[in-house]
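Consider the two complexes below, in which chain A is the common component and chain B and chain C are the respective partners.
Moving on, here comes the complex of A and B:
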C-alpha cells in the first residue's frame, strides 16, 4: 500500500533526524533534546490512558517521581541502572493497579479525582520521609549508566542512550496498541456498549491501560534521575502532571505520534519563546483553550483534517469517535 | 474536651466555606455537565479583585467587595460560560475538563505575573476576637464564617425549592429535554447556574482568604477539597455538598490535631477511596446504578 510506504520512510527520516540532531550542538541543546525524549515517553504512557482508554490521569508526574526515586535509591546503593529501572517500572505498574482499581469501579471521571489527590500524597511522602528521600533537599549524585565501552557520562552519549530506550518503548507501545488488547482499547473508546457485548471486559482493559501508562511514567522518571543527577519533590508536582496531560492533548490524543509532537511543543517552544518570560504559561494555556474549541484533536488532528480535505475518501474506521476529544 | 470542641467548631467553620465551593461545583456539574477543574482558582481570584480594589483603586472595603462580587459574576460566571464552556461543550466532556484545567493554569499564572507571587494579607470581614463558648475558646471569625455560610446555603435552598426560577433550574438539571417541552427557558437556567457558582465562589473567597492570606496557589488545595466534598456528600444534591464540606472541614482539623499534622493533606485521598469502595453514590446521594 502506497500510504504505509510513505509512512515508513517518514518514520525512517525522523529517526535519522533524531540521530543527527545533537551532532555539533552544545551540551545545553543536547540536554533539551534528551528531556524532550523523556517527556515523550511519559506522554506516550498517558496517551494510552487518555487517548486510547478515555480516562484522565493527573498523576503522571507522580509516577515519574516513583520511577525516579526508586532508580536513584537503587543506583546510589550500587545497582546498575538496567537492574534498577525495571524495579521502578514494576512499582509504578502495581501502584497504578492499586489506584485504578477503586477509581474505575464507578462511572464518571473518578480516576481524575483520585489521581489528583494521589499527587498530593506522593509529594507529602517525598517531602516528609527525609530518611529515605532526602526530604526537601532531594537526592544528589546518582551515577549515569556505564556499559563498559559506552559510557553515558558525556551528554551526547546519554542522548543516544535515551534515544535507544525511547525507540524500544515506542516499539513496545506500537505492539500494545496493535495487539488484541490494543484493539480492545480502541473498541472500548469507539463503542463501549458494543465492545462489552462482544465480551471485552471494559474495567479490566481500562485498568490495564492505566497501569501500563503509569509504568511508562516510571520509565521516564528512571531516565530523569541519571540525566539531571539531582531530584527533589518540587520537580514532580501537580503542575508537571498537568504539563504532561497538555502535551498529550496538544499533540493529539489517540494518535501514536501525538505525544512526540506535544512534548516537542511543551519542551522546545519555551526555548524559542524566551522573550515572553513569565507570560509564557499564560499564552500557552490560553492557546490550549482556543485549540480545544477549534481543533480538539490536537496538532496531528489538524494534519489528519488537512489530509482528509485533500483525499476525502480515506476514513479510518477506528478513528470515527477518536479520543472523544473532538 | 474543650480542646475537642475548639477543634470541632473551627473545623465546622472552615467546612462550611468548603461547602459553598462544593455546592457551586455541583450546580454547574448538574446544569451543564461541566466538571470544573478550575473551581479552586475561582475561589482564589475574587480575593485578588478585592485587593486590586483596595490597593490600586483605593476604594473602601465594602465597595471593593461589591466590585469584586460583580467582576467575579461577570468573569467567572458569564465569560466562563460564553468563552470556554459553550464553544467546547459540543466536543465532549473530556475536552471541557482539560480546558478547565488549562483555565486554572491561566488564572493562576495571570495572578502570579500581574499581582505578585507572595502571599498577601487580606482584611477580615468579621472581627477576630476570641470568645468563650461551652468552655471552648472560639474565634468570632470562625463563628461568623459558620453562620454566614450556613445562612447562604439556607437562602440558596429556599431559592431553589420555593421560587419558580429555582424550580425551573432543578427541572433543567434533572431533565433538560422535558423541561424545555414544559416551557422552561433551559439556556437561561443554565446561565443562572454559572452565575450562582461564581457568586458562591466569590463569597467563599471573601470568607476564607482572611484565614489563609491571598496567594496565587490557594486554588490547588481548595479545588481538590471542594471536589472531594461534592463526591463524598453525593453529587446529585446540595445537601450532599453541604454535608461533605462540613465533614471534610471537621475531619481535616481532627486529623491535624490528633493523628498527624504532616499527612493531613492526604486526607482527601483516603476519604475519596473509602467513599468509592463503600458508598460510590456519596453519603446522601441516591444510587444511579453506576458502573463503568
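Moving on, here comes the complex of A and C:
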C-alpha cells in the first residue's frame, strides 16, 4: 500500500514537472525536451521487444524512418496528421511482424545482425528511391497538426501535443505489460522452452513483441516529421538504432520507466554538459562507460540493487529445514 | 472402450551414430502413475522430449486419448491437457510465485484479445491461490520465484504443471536435489492430487525409494530399449534390472 502511494506520488510529480518544464524556456530547450519525449516513445517500443520479451533488435531507427516517411508523404499530400499517423503505425506493425520471423530461427547476436541488416536495407531504400523519398535531399515542409482552436505551430504547443501522445502511448504500454500478454513476454525472455510447455504460443508472442515494439518506433517517427519538418535518410541510420538501444540499456531494460530515464541521459545529459564546452561529449561518453560498468542493469536497476542490499537477509527455508533435521 | 491416456508406439530417436531410443512402445491408462527408470543415458529424457514434441522422433508415433499428436508443438500439447516438469529448475525467476502459477493457466482461458483487454490476472488469482495452498506455498505467494530454495522451486515447478488441470502430467526427475522433508511433501502432494483428480502421471526418477513408493507400474529402459515392465515389487525382484541398473 505504502509502496503504491509512493509510486503514484512520484508519477504525479514527474507529470507536473513535465508540464512545467518548458514554461519560460526558449525554443531550443523546448525542442530538446520534445526530442526527449519522442525518443522515449521509440525506446519504450524497444524496451518491450528487448527488455520484456528478450529479443534483441538493432532496427528501431528504421521503424522511426518508416513512420516518419509515411507520415511525411501523406501530410504533404494533404492528409491530417491524425489520419496519416495510424497508417505509419500500421505499416510499422506489419513490417515489424515480418522482421520477427527471423527471430523464430535465430537468437542473440545472430538476430542482432539480421536486424542490423534490415536497418541498413531501409537506409539504402530511403537514399536510393529518390522518386518517393527525395533521396539524400529528403522531404521538407511537412505541416504541423492543426486542431482548430489548438495549433501546434508554436514550439511549446507542439511540446504539449507530444506530451499528450506520449502519455497515451505510455498508458497503452502499461496496459500491455500488466496484461497476461506482458506475463507471456516476460516468460519468453526468461525461459522460452518452459513457456511453450505451459501453452504459451512463443512464436506468436515473439512476432507480437517485434510488431508492437516497431509500431512504437513508427509513432516516434510520425512525431519527428512535424517536429523537424525536414527528414532525410541520415536521421535514421544505424547509429540512431544504437542510441535507442543505449537508452533502453542505460535506463534499465525491462523497467517500465527505464526508457524515459535512458532517453533523458542520452538526449538531455549532453545538453546539461554543454557548459564544459569542447569536453562535453568526452565527459558524457565517460559517464556512460562508468554507468554501464557499475550498473549493468541500468539506472532503474540501482533501486532494485539498493533494495536488496538494505533489506535484512532472510534465512533460506531449506536451511531452516536442514537444521531441524539434525 | 476408453483409449489409453498416453500411447507410445515404436518410438525411435538417433543422434548421429547413437540410437538414444530404440523402438519403445507402451500405454498409460487413466489414474495410473507410471515410473520410467534406467541408468543415465538410457534414453528416458529423450523419450520424454519425443513424446512432448520437443524432439522429432525418427520413427513411431504418440497418441493422447486416442488422438495422434506426433509433430505437435509443446504449446499445442499443453492445450490438449498434457503438463510437464523439467529435469532442471524451470520456474520464471523474476516473477512472483503467484505470477508463475497464473502464467501456467492463462493460455487456457479466453482468447488473445481477452488476454490483452481483460483483467491482468486473467481471472485466475483465486484458482492459483488454491493451488499454491495445495502445495503449501502460501507464505511464499508474493516472493520472486528465483529467490526460493531449490526444493521450493521444485514445488512451484510441479504446481505450474497442474494449473491448467491436465489429464496427463510428465514429471522429469521431480525428486532430484530435493531434501527429505520436501521430498515427503512432494510425494504426498502428487498422490493426493492423483487420488482427487484421477490425473495420470509418468515419472522419470533415479530416487528408487521415491519411485517405488509413488508408482503403480514401472518401465525400465537401458540403452534406449525397454528391458522390463511390471509392478514395483516385480521390478525390484527382476534379475535383468538388478544387473543393468539396481545392482546387488
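We take it that the second predicted complex is superposed on the first by the 283 of 326 C-alpha atoms of A that agree within 3 Å, B and C clash if a C-alpha of one lies under 4 Å from a C-alpha of the other, contacts with A are read in each partner's own complex, and residues count from 1 in each chain.
The definition used in the following text is that a contact is a pair of C-beta atoms (placed from the backbone, for glycine too) under 8 Å apart; a residue touches a chain by one contact, two chains touch by 3 or more.
For clarity, every value in this text was computed on a predicted model and none was experimentally measured.
Engineer: Counting only touches as set out at the top, which of chain B and chain C does A:4 meet: first, second, both, neither?
Structural biologist: neither
Engineer: Tell me the contact category for A:193 with respect to chain B and chain C: first, second, both or neither.
Structural biologist: A:193 sits against chain C, while chain B stays out of touch.
Engineer: Just to be sure I read the superposition right, which of the two partners does A:179 touch: chain B = first, chain C = second, or both, or neither?
Structural biologist: A:179 sits against chain C, while chain B stays out of touch.
Engineer: Using the superposition on chain A described above, determine whether A:286 touches chain B (first), chain C (second), both, or neither.
Structural biologist: A:286: touches chain B, not chain C.
Engineer: Touching A:202, do we find chain B (first), chain C (second), both, or neither?
Structural biologist: both
Engineer: Going by the contact rule stated at the top, is it chain B or chain C that touches a larger number of residues on chain A?
Structural biologist: The larger set of chain A residues in touch belongs to B.
Engineer: Taking the contacts chain A makes with chain B in one complex and with chain C in the other, which residues are shared?
Structural biologist: Touching chain B and chain C on chain A: residues 202, 324-325.
Engineer: List the residues on chain A that touch chain C in their complex, please.
Structural biologist: 175-176, 178-184, 186-187, 190-191, 193-202, 204, 254, 316-319, 321-322, 324-325
Engineer: Any idea which chain B residues touch chain A in the complex?
Structural biologist: Listed in rising order, the residues are 35, 37, 84, 87-88, 91-99, 101-103, 105-106, 109-110, 112-113, 220-221, 224, 227-228, 231, 235, 262-263, 265-266, 268-269, 272-273, 276-277, 280, 290-292.
Engineer: For the complex, which residues does chain C have touching chain A?
Structural biologist: These residues of chain C touch chain A: 52, 54, 73-75, 78-79, 83-84, 86, 90-95, 99, 102-104, 106-108, 112, 115-118, 120-122, 140, 148-152, 160, 163-164, 179-182.
Engineer: Chain B touches which residues of chain A in the complex?
Structural biologist: For this pair, the touching residues of chain A are 50, 54, 56, 102-110, 112-114, 116-118, 120-121, 124, 128, 202-203, 206, 238-239, 242, 245-246, 249, 278-279, 281-282, 285-286, 288-289, 292-293, 296, 323-326.
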